[in-house]
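Just below is one structure, and these are the notes that go with it.
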Amino acid sequence: MQIWLILGVILLLAAYGYQRGKGGALAAVSGDASQLHSLPSYHGAYVALWAAIPALIACVIWLSAEHQIIEALVVSGLSAESQALEPQRLALLMSDIRNLSSGDIVRADPSLEVQAAAARYTELASISLYAKFAVIAALSAICLFFAKKRIAGQFRARNRVERIVRYIMIAASVIAILTTIGLVLSLLFEAWRFFLRVPFHDFLFGTHWSPQTAIRADQVGASGSFGAIPIFAGTLLITLIAMLIAVPLGLFSAIYMSEYASPRARGAIKPLLEVLAGVPTVVYGLFAALTVGPYVRGFGESFGIDASSESALAAGLVMGVMIIPFVSSLSDDVINAVPQTLRDGSYALGATQSETIRQVVLPAALPGIVGAVLLAVSRAIGETMIVVMAAGLAANLTANPFEAVTTVTVQIVTLLVGDQEFDSSKTLAAFALGLVLFFVTLALNIIALKVVRKYREKYD
Amino acid sequence: MLDSETNSATIADPKVVCRDVSVSYSGKQALFDIDLDIGSHQVTSLIGPSGCGKSTFLRCMNRMNDVIDGCVVTGSISVDGVEILDDEIDAVQLRRRVGMVFQKPNPFPKSIYDNIAYGPRIHGLVRGKDELDEVVQTSLERAGLWEEVKDRLLQPGTGLSGGQQQRLCIARAIAVRPDVILMDEPCSALDPIATARVEELIDELKRSYSIVIVTHSMQQAARVSQRTAFFHLGIVVEVGETEQIFTNPRDERTQGYITGRYG
Amino acid sequence: MTDREQSTGIAVDSAEVKHARKRYRAERRFRMYGVAAIAAAAGMLALLVISIVATGWTAFYQHSIALDVTFEAKVIDPKGGRDPSVLARADYRKLARASLRKLFPDVKKRGDKRKLYGLLSIGVDQQLAELVAADPSLIGQTRRVEIYASDDVDSFLKGFIDREAPESDRRIKDKEIAWLDKLETDGAITSHLNLRFWTKGDSREPELAGFWGAMVGSFFTLLVTLALSFPVGVLAATYLEEFAPKNRWTDIIEVNINNLAAVPSIVFGLLGLAVFLNFFGLPRSAPLVGGMVLALMTLPTIIIASRSALKAVPPSIREAAFGVGASELQVVTHHVVPLALPGILTGAIIGMARALGETAPLLMIGMVAFIVDIPGSVTDPATVMPVQIYLWADSPERAFVARTSAGVMALLGFLMLMNALAVILRKRFERRW
């Protein structure tokens, strides 16, 4: 609510600034706009931008720092004994304080200390609210005032405005970089905290995965074990099954589409594959769990194989179907990029169409197809919902596609969904897995893009 | 359009006989009732300004136009007395007999050896590795490329120079032992030295094959061919002995073209 | 060898004809692989759609049991103050149960009675409370009210429970079947369109669960996503395409955007959890955070689509504008961007459609909570359509299966709408130069 109010105020001041700037410029040349260096609207825009942008930046900084500062102040007001609590306990205490302050239900009768802290929390929050409001409005007004003072007949308002707009554009472009930095830092930081508890080596090469950690030290199975090999193996198994489905089907669809199909048939097949690509993954997951899983189980049983209803096969199969359009559209592109002269050369020797495709077009397109397959693999590894809904949780180290296996993404979801304190090895393990996932998919992508680019250069 | 007085469209011992050949692309007519004979063991060159239909005509003779959607060819073309526009005739078989070399060298992204071996392999012309080796060697020798590439047969054909690539493509065409070789401006992407080598080659090949060459260069037509046909706006304006066409054209359009008034 | 060399004409010797036949068989086979691959893909799609529709269509109607309910004043409002909060909290279930007992006076045993009451949905009190709240004058009267049947009864009436099956295998026992048959012959069982599904939030009881809450949640989430990713994406694309110098920095940004487009969506969820929730302390389960995460995810898509739309505007337009003395920014804002706008919008809609179907990153930031209330703003706890589908898919009750599939149909409907919009936009406004 408060955020809308602040934004509204900034917007009003900016609108006022626009009017003042425009009017000021016209007044400076006593109404004769042709005397101005820039159009009056640029003068208006100049003042408006000054009124809005510094205030907005201040607002964002304030909002992002507010939470941390208030918490730190509240903690410093707690008793020495509470402050000495280990981080997990302190976090629990803080969440009690926050809940009490915002009027939510608190689990037990809060202690006096918590009540006092909650009151302090409420007080600080309201101080922050008013201060924020005052500071931002003042900042906006001051900037407006100084910008307005610069308005004159020969003031180069248009150039100034254009420069500001350019900075805004650069800032927008940099957001993509900031996102990457944010991704890498947050993953690295949390994963590093995980590796402080679980040795790196044990994580990457351990063969036993059971992340259940005990809350109290004396519980049975007090320390979970975090050997991620079964998870990696499960991910690879499901990815492999998916690729066995997606690569031949996708590739042959692409070949048919680009080499055989008439324009009309192509016009029908392409949207069909696009529909397949547009189905949300949760729908595929439901399909895998509801329809394909039981079917695979029944199929296995009819052959006397003991199949789990959460088999790797069901998840892999559906994932393969999901990836078909991905492979086919990328392959279609690379096959179409093979120059017609090569085909002509082959036809001129009396090759049939399939001979031309198999022996000339496909070898020529191979690097591009390899790139497409790598991208598809990266897609499969990172796919979440299908495996969450159709693959198991048990970290079995097996190559039997009828058994249940688990994957990196499934583990990330199960470790993080539900209420957990943020500092347990269990939740941090999810970030370590996320880090592995991020770098593996990133590496696959970089390699794939490089291969594809090399290939494109060859025929450009 | 043609009368026997100004044209010698027919010859005594034709390899390919074309009568009333018309071509249209999705309704737009590109060639009008072409009558032309291609002689055995000689080079016939097709000249004319760009867009006059000479390449289109060339592509009719091995039905490469089949590959293009919406292209309709009517009339009659017979090779050794066999009507090739007939639906019964298999374009694949035809192209083995009527080979083609393209404007831009288009070696397959395979080794030099595999480039040559591709045709004999798909047509099942050879049995065993030895025979194939022999075919590759003779084809390269005939294309005058053997000495240059014999030590690097397994390197990619795309690594050769432009002129070498074009001779590789010619060797590739020879390897399936065609009767006729069609060449669509085979030297237009080459430098003068490479062009000279290819022209020499063409001159030599005419002993074993009937060659039809489309060219933009009148000097080239004069150098390599025995017969020349001048195409203009989709018709054959004049056809005859090369020498006669260049020294004593009967039609003023031919005259205009060879003296450089248009084209 | 030599005889072939000499041979003239087309394919006459029999060995070659034989070989050609073999080659044509291979040709047909190869072509068949292509047809088979496409048929397999189409078959899978058909199977998916059929299985969803077949399981989901029954969720669009629902059964009720019509009962004569006496709104007794002493149960609802013993003090007679007609205080809304008292009216809302009264024990309406008692009233419904009394009507049921009246219909089946010979049911005496405790267990049987419980079964009898179980025919009605647990939501009966809410349903009656709403009636009374809307019209307090009902108190003291007797009205015929259609009360939702419980999920098992509904499934039974829809024919999912086989009455011939052995009793122990059935969720509906013989006695209940007898009661239902009697109600049926009395004409007390009605079936009607399931309006609740389109107007209410989630519930633990399948017969009460609605999809509207998730739809509103999706709306707020997409609103945030659009508000953030569209302007930023278009600004970034315009800068990179029209203004940026070609140097190492812009190269890095470009490579970075391409790679960001391929980062698994769940990793964005981790980012949201670590940065937005834990570092900045934004509220959990809120469309605001969900929208921010999805905005980061869709940003590369929008930038890439916008750049290719901008690239398609021919340089002659720019030259013409520069020629009349427009500044760089004026050229871009007056000419290039408006001409590229259809392409940009198409890209944005496709990005939004993907965001709408996205589930995994939202699980990370707590949008999986069980939320009954319809969210009223971007900071209220909410869930979104795909997550609601995921939640229902996880529920054990038989009747949730149909609702899950119905939810999928609704989601696919929205996606189809968005894609159709993109297609129309492309068809109508796309210019080819």
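Just so it is clear, A, B and C label the chains in written order, and each chain counts residues from 1 on its own.
To be clear about the criterion, a contact is a pair of C-beta atoms (placed from the backbone, for glycine too) under 8 Å apart; a residue touches a chain by one contact, two chains touch by 3 or more.
Predicted model, so just to flag it, every value in this text is computed and none were measured.
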Among all chains, whose Cα centre is located farthest from the one for chain C? B
Return the chain label for which the distance between chain Cα mean and whole-protein Cα mean is smallest. A
Averaged-CA centre spacing for the pair chain C and chain B, given as whole angstrom: 61
Centroid spacing, where centroids are CA-atom means, of chain A and chain B in whole angstrom: 58
Approximately how many whole Å separate the CA-defined centres of chain A and chain C? 20
Can you list every residue of chain A that touches 2 or more other chains, as numbers and ranges? 352, 355
Residues of chain C that touch at least two other chains are 23
Could you check chain B for residues that touch two or more other chains and list them? 92-94, 96-97, 122-123
Touching chain B in the complex, chain A uses residues 262-263, 339, 341-352, 355, 359-360, 363-364
Hey, which residues of chain C end up touching chain A in the complex? 23-24, 26-27, 29-31, 33-38, 40-42, 44-45, 47-48, 51-52, 55, 231-233, 235-236, 238-240, 243-244, 252-253, 256-260, 262-268, 270-271, 273-275, 278-281, 296, 299-300, 303, 327-329, 353, 356-360, 363-364, 368, 377, 386-387, 389-390, 393-394, 401, 404-405, 408, 411-412, 415, 419
Show me the residue ranges of chain B that touch chain C in the complex, using the header's touch definition. 79-82, 84, 89-90, 92-94, 96-97, 122-125, 177, 179
Please name which positions on chain A make contact with chain C in the complex. 1, 63-64, 67-68, 71, 158, 162, 165-166, 168-170, 172-177, 179-180, 182-183, 186-187, 189-190, 248-253, 255-257, 260, 269, 272-273, 275-276, 278-287, 289-291, 321, 324-325, 328, 352-355, 357-358, 375, 378-379, 381-385, 388-389, 409, 412-413, 416-417, 422, 430-431, 434, 437-438, 441-442, 445-446, 449
Seen from chain B, its contact residues with chain A in the complex are 62, 64, 67, 69, 92-97, 99-102, 104, 106-110, 118-119, 122-123, 169, 172-173, 176, 182
